[in-house]
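First comes the structure, then the notes that go with it.
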Amino acid sequence: MTDRFDGRDLDELRPVTIQTDFTEMPEASVLISMGKTKVMCTASVEESVPRWMRDAEPERGWVTAEYALLPGSTAPRFRRERRRVGGRTKEIQRLIGRSLRAVCDLEKLPGHTIWLDCDVLQADGGTRTASITGAFVALALACGRLVERGAIEEMPLRENVAAISAGVLGDQVLLDLPYEEDSTADVDMNVVMTGSGEFVEIQGTGEESTFSHKELLALLEVADKGIRELSEAQQAALPEDQMYAGLFG
Amino acid sequence: MTDRFDGRDLDELRPVTIQTDFTEMPEASVLISMGKTKVMCTASVEESVPRWMRDAEPERGWVTAEYALLPGSTAPRFRRERRRVGGRTKEIQRLIGRSLRAVCDLEKLPGHTIWLDCDVLQADGGTRTASITGAFVALALACGRLVERGAIEEMPLRENVAAISAGVLGDQVLLDLPYEEDSTADVDMNVVMTGSGEFVEIQGTGEESTFSHKELLALLEVADKGIRELSEAQQAALPEDQMYAGLFG
Amino acid sequence: MTDRFDGRDLDELRPVTIQTDFTEMPEASVLISMGKTKVMCTASVEESVPRWMRDAEPERGWVTAEYALLPGSTAPRFRRERRRVGGRTKEIQRLIGRSLRAVCDLEKLPGHTIWLDCDVLQADGGTRTASITGAFVALALACGRLVERGAIEEMPLRENVAAISAGVLGDQVLLDLPYEEDSTADVDMNVVMTGSGEFVEIQGTGEESTFSHKELLALLEVADKGIRELSEAQQAALPEDQMYAGLFG
Amino acid sequence: MTDRFDGRDLDELRPVTIQTDFTEMPEASVLISMGKTKVMCTASVEESVPRWMRDAEPERGWVTAEYALLPGSTAPRFRRERRRVGGRTKEIQRLIGRSLRAVCDLEKLPGHTIWLDCDVLQADGGTRTASITGAFVALALACGRLVERGAIEEMPLRENVAAISAGVLGDQVLLDLPYEEDSTADVDMNVVMTGSGEFVEIQGTGEESTFSHKELLALLEVADKGIRELSEAQQAALPEDQMYAGLFG
Amino acid sequence: MTDRFDGRDLDELRPVTIQTDFTEMPEASVLISMGKTKVMCTASVEESVPRWMRDAEPERGWVTAEYALLPGSTAPRFRRERRRVGGRTKEIQRLIGRSLRAVCDLEKLPGHTIWLDCDVLQADGGTRTASITGAFVALALACGRLVERGAIEEMPLRENVAAISAGVLGDQVLLDLPYEEDSTADVDMNVVMTGSGEFVEIQGTGEESTFSHKELLALLEVADKGIRELSEAQQAALPEDQMYAGLFG
Amino acid sequence: MTDRFDGRDLDELRPVTIQTDFTEMPEASVLISMGKTKVMCTASVEESVPRWMRDAEPERGWVTAEYALLPGSTAPRFRRERRRVGGRTKEIQRLIGRSLRAVCDLEKLPGHTIWLDCDVLQADGGTRTASITGAFVALALACGRLVERGAIEEMPLRENVAAISAGVLGDQVLLDLPYEEDSTADVDMNVVMTGSGEFVEIQGTGEESTFSHKELLALLEVADKGIRELSEAQQAALPEDQMYAGLFG
């Protein structure tokens, strides 16, 4: 039994769906939903690299991300960031980029930049972690298609990466917090892991509060369970092809 | 017979779908598709009015719009407008706002601002006209719900408004141009009309070219046909309720 | 007889004067007055083209415009746009640029950019149309001088272009609206035409209102009359030289 | 005899004209020419004061200035400052404002702000000093009109203020430098003085060079002569009325 | 024995000095050095709170932080962030603010905002953690002085907070990384803890790499040792007074 | 006897200290104190020159300055200039750069830019003049080190430059005004001079007031005395080496 307002178990994910080819203009496009949170993740390919890495030896590619909340994704309406980008937005898009690059061999992507745009259509907590999980699928698809049409020689990804939130609310450790829980949690943790169980990033914050070593270990444990289930959802969303299957150990 | 690359008649619209309640955070949310062009139109309600109209007598409300191309909506990727908003974007969102206000009695919306956010998920020509057509449906739904829950007394809209593009390509007058036609047209016209056949806005541009009085009349004629069909699609998307039906004379 | 507050006929222009060589630093400089509206239009020549067209084949030139209201041009004072440029300003300067390019053969201006700066010294309605009409004269003079000193081979302009406003106020169709009429008009139309009677641009707006097909035709008719008279004023302001006379069919 | 390229004596001003009521929208409008340098100085009155001085006791008014080079005022074209204002522009407009306030008794202007906008139509050296000299006339006229219509009780100006440049070029001390001299001068000095011979501001710069005490005294001497002549031109431009005559001791 | 280039043990801090009252304008001012890293932390008190919390019940205060690298703090020179603030800077100053607020009872600071400005005079790795450790001392001093002069009733801080970095380089787990180690580390972790051993924030990043659960535990262990030593240094820097001693359990 | 609140004679400087090598990252680093005013002046060397002087013949170098008040340097706190740089800041840093270049032979610094960053740690009046005096020492040291390691052939400085403020308060002429005097002075003058007694820059402002020729001469006299004493302090702070001694005639 549980006290969660939506009836979930403490360590249970919200329903996850990952729809590929949601739109057709970019190289790949994914719509990921985790409960009410919906993020459109597109992967656009550019045949050049940022100026600062142009003379790198050996030649490399680049993977980067942008993140935005659409104004209608929240109530009350979120004010569009058109004059300057807020600190929260910058933090999140840097996190998405670093997380994806952690499983990427950039030397296998020579001369290409892949932009992952994570636009949140509906926000109900966990938008940054859903963005990472969805963006990985878009990135994998885009890379696969670059391989298929001969633009690069082999899949530049080593394995999958996914992300999930966990938190402490009162004396309970919860997995995958929607807005209602997130906004009242004492501790908020975001964990980015590979399918093989290695950490890419851990960010744990006592929200104007603190947490103990024991709570930390409990948070990491439920996060690990969540990541394993998200990895399965990622694999299921990708084509049944050895190129993609090989990413899931 | 026709020369259009997608086989349409000269005066034929692309397939139109208008899906309401695409998301659930804002007061109303519409996903409109015209061919490959897809725009998410959300209506968010704020219980205040802009500073400059606070002391208006009698008390009024306000309806305003924002428009954005998502980066993944086009190939190559559209660079996000985060430091300054481009002239084209500003022109379009001013047009959307004016068009909606033309059928709106703002005194019947006292103390409320309705924000119409038109975020283009996929762009294939005609994004500004699709935005107007879709935003009207979101606005109507939002107003209807405000009436239903007693926040305002009566529907502040007088009738429906919709928009369509037409153009001259070689010696042919075409309705509803996708990107491929739009980018090569000699004349590009956007027409915003009410369901009763009155003009709200006409913008005709010889793209570094000119056009005759006769061509103008032919453009207006196909546009009129398109608007009538779009009005039917708008009505079909709204609930079967006298409050909405009354907008479609 | 007429109801206009300044005693003009419904289809009568305000007094027009076009003074060339108002200043002497730029390639050409024009001060156009239409009633109290006064705009200084300068044409500055730069021996390079924008980056995006540098590799165009065959080599081309570029014509572009900027528009500004000086702070003292209106009462109350207009706040200088120094941090960001407003949507209205951007719309107007894009319109001026497009209108001039519509009569320009850019391949005859290889390697040059001509900047038309339209700075409004005094604003009393119709500033955008006066800017187009005056800027054409400055552009023609600048082009003529480039031809004279051998910088380009032939006049890159095909014919003249001019612009005028028309509007509906109550049940009257009016030509050339000063601020007092413009601010209360139900319909506001700006028409850009060539001397030969072809349209370059039509922008008609029901100001939070709508207008009929019949009103549209009446507006176009008075505008056509105004454009013919403005073309004569443009021709009179330019030197009596075949190079310029040839622009006025 | 003299070596100046325009034949002037070393201590001779360029021809000065001060045209009042050049435009009619603002409270006062002046076009000042010093040789080819032409500046439009408008005085706009606002019936409020800046936030930071609202609670001042006794109640005061404010006088402030903005300065801009129009793009066509120079060749090559001056790039419009639309995203940020350059250091030179800010320096100049702060100087103009301080200079005017030095002769102003702000307590006699309660509740009003007067904006002096100095827009340079043509730039040939000395634009900042011409702006001060012209802006004083616009300010005096605006104040006089406020007194006449009873908005304030008495003239808030104590006396006139004017400004002029002087410089050292080779071993010659020159008055009123046009661009050609200014750009090669070793020392550049701007002097702002009242008609009664008191200094308001002295700015002397060795342009990547230095100057002696003796040169300083010679510069101040020619500047003093120039200021006296400019004061006469200011007085001649204003109406023959005791209210204005009293400013010129 | 150790491989560290500066001869330190793997779990040894760099020399730490905390100088209070480095300057005298702000309420409190601290210069903290950790090896070559030097940060000036000032605490400025403002007698108002941010707009969004003005109506909070019960009345509260606010603690916030800004962080900047001075241009001369690094070689090559760091370009001043004057037009926009970089993502890294925003991340760091948000972290500093959250960390300090985690030990602060804002209801005991009613009506006051304390700004902690962390300006890095010299940067050699660990600037964000040194900023937190130093800013806590400045905050404690400022709060103590507010209590002493009766502006607030009691010390609003519950206990001390400090921060340190740890990292994995090859197969070694290191404490307190200077730039040379930090720039080549495989894993970079910043830990913010209270003196009583509770976590405030954990940020662990595989720098384009990953790390195991076992490595995580080893990183937390050395960090815990470092925090205990920093807490002692903080206590030693503060006056010997029960008000401050009580913060160090 | 004197009325100055700190007991100084009218023509007496505040205590001056110039500490070299305050930090070690940049080429040179100086902490100058004049009374409570403390400015950190760093000289960073870049092996390139600004774009606009790249093609200069003969090849030259560049010397430029930036100035900032740290937020904690004043009470109340100074708001960080992060979105736009204020007019006062721009004026000051332009003055610092010009003053240093006046004694610099840029042709002896080919291919190098030296950035002088003047960050005010504590502000008590005279920050711009202290910045110039301190920055000269940092610049001299940086140039000396470039000569020593063979990056340039000879010292590019001709002599020393220093700066000081003077003012009129009531009927007294004062040297070196701290904030308390500066904020109430009737006339404020900043003088930049070389050690040999030549002027580099004079800026005298009647703060909303005026001053006579006689007052000007008295101000220049005390300033001259101050500059001579500052020159001695500069020389004492530099190494006893002919390369530096030669700068002090």
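All chains are identified by letter, namely A, B, C, D, E and F, in their written order; residue positions are counted from 1 within each chain.
Note that in this section a residue touches a chain if its C-beta (ideal position, glycine included) is under 8 Å from a C-beta of that chain, and two chains touch if they have at least 3 such contacts.
What you see is a predicted model, and the numbers here were worked out from it, not measured in a lab.
Residue numbering at the chain B/chain C interface overlaps substantially, since over half of the positions present are found in both copies. More than half of the contact pairs at A-B come back, by residue number, in C-D, the repeat among C-D, B-C or D-F. Using mean Cα coordinates as chain centres, the one most removed from chain C is E. A straight line joining the Cα centres of chain A and chain E is 29 Å long.
One finds 52 Å separating the Cα centroids of chain B and chain E. Once the centre of each chain is set as its mean CA position, chain A and chain D turn out to be 60 Å apart. Our note on geometry: chain E versus chain F, Cα centroid distance of 33 Å, whole angstroms. Listed for chain A are residues 83-84, each touching two or more other chains. Round the ring, from chain A by way of chain E, the chains line up as A, E, F, D, C, B.
Across the complex, chain D is touched by residues 23-27, 29, 36, 38, 40, 42-44, 46, 66, 68, 70-77, 80-85, 115, 117, 119, 121-124 of chain C.
Residue ranges on chain C touching chain B, taken from their complex, read 84, 87-88, 90-91, 93-94, 98, 101-104, 194, 197-213, 216, 220.
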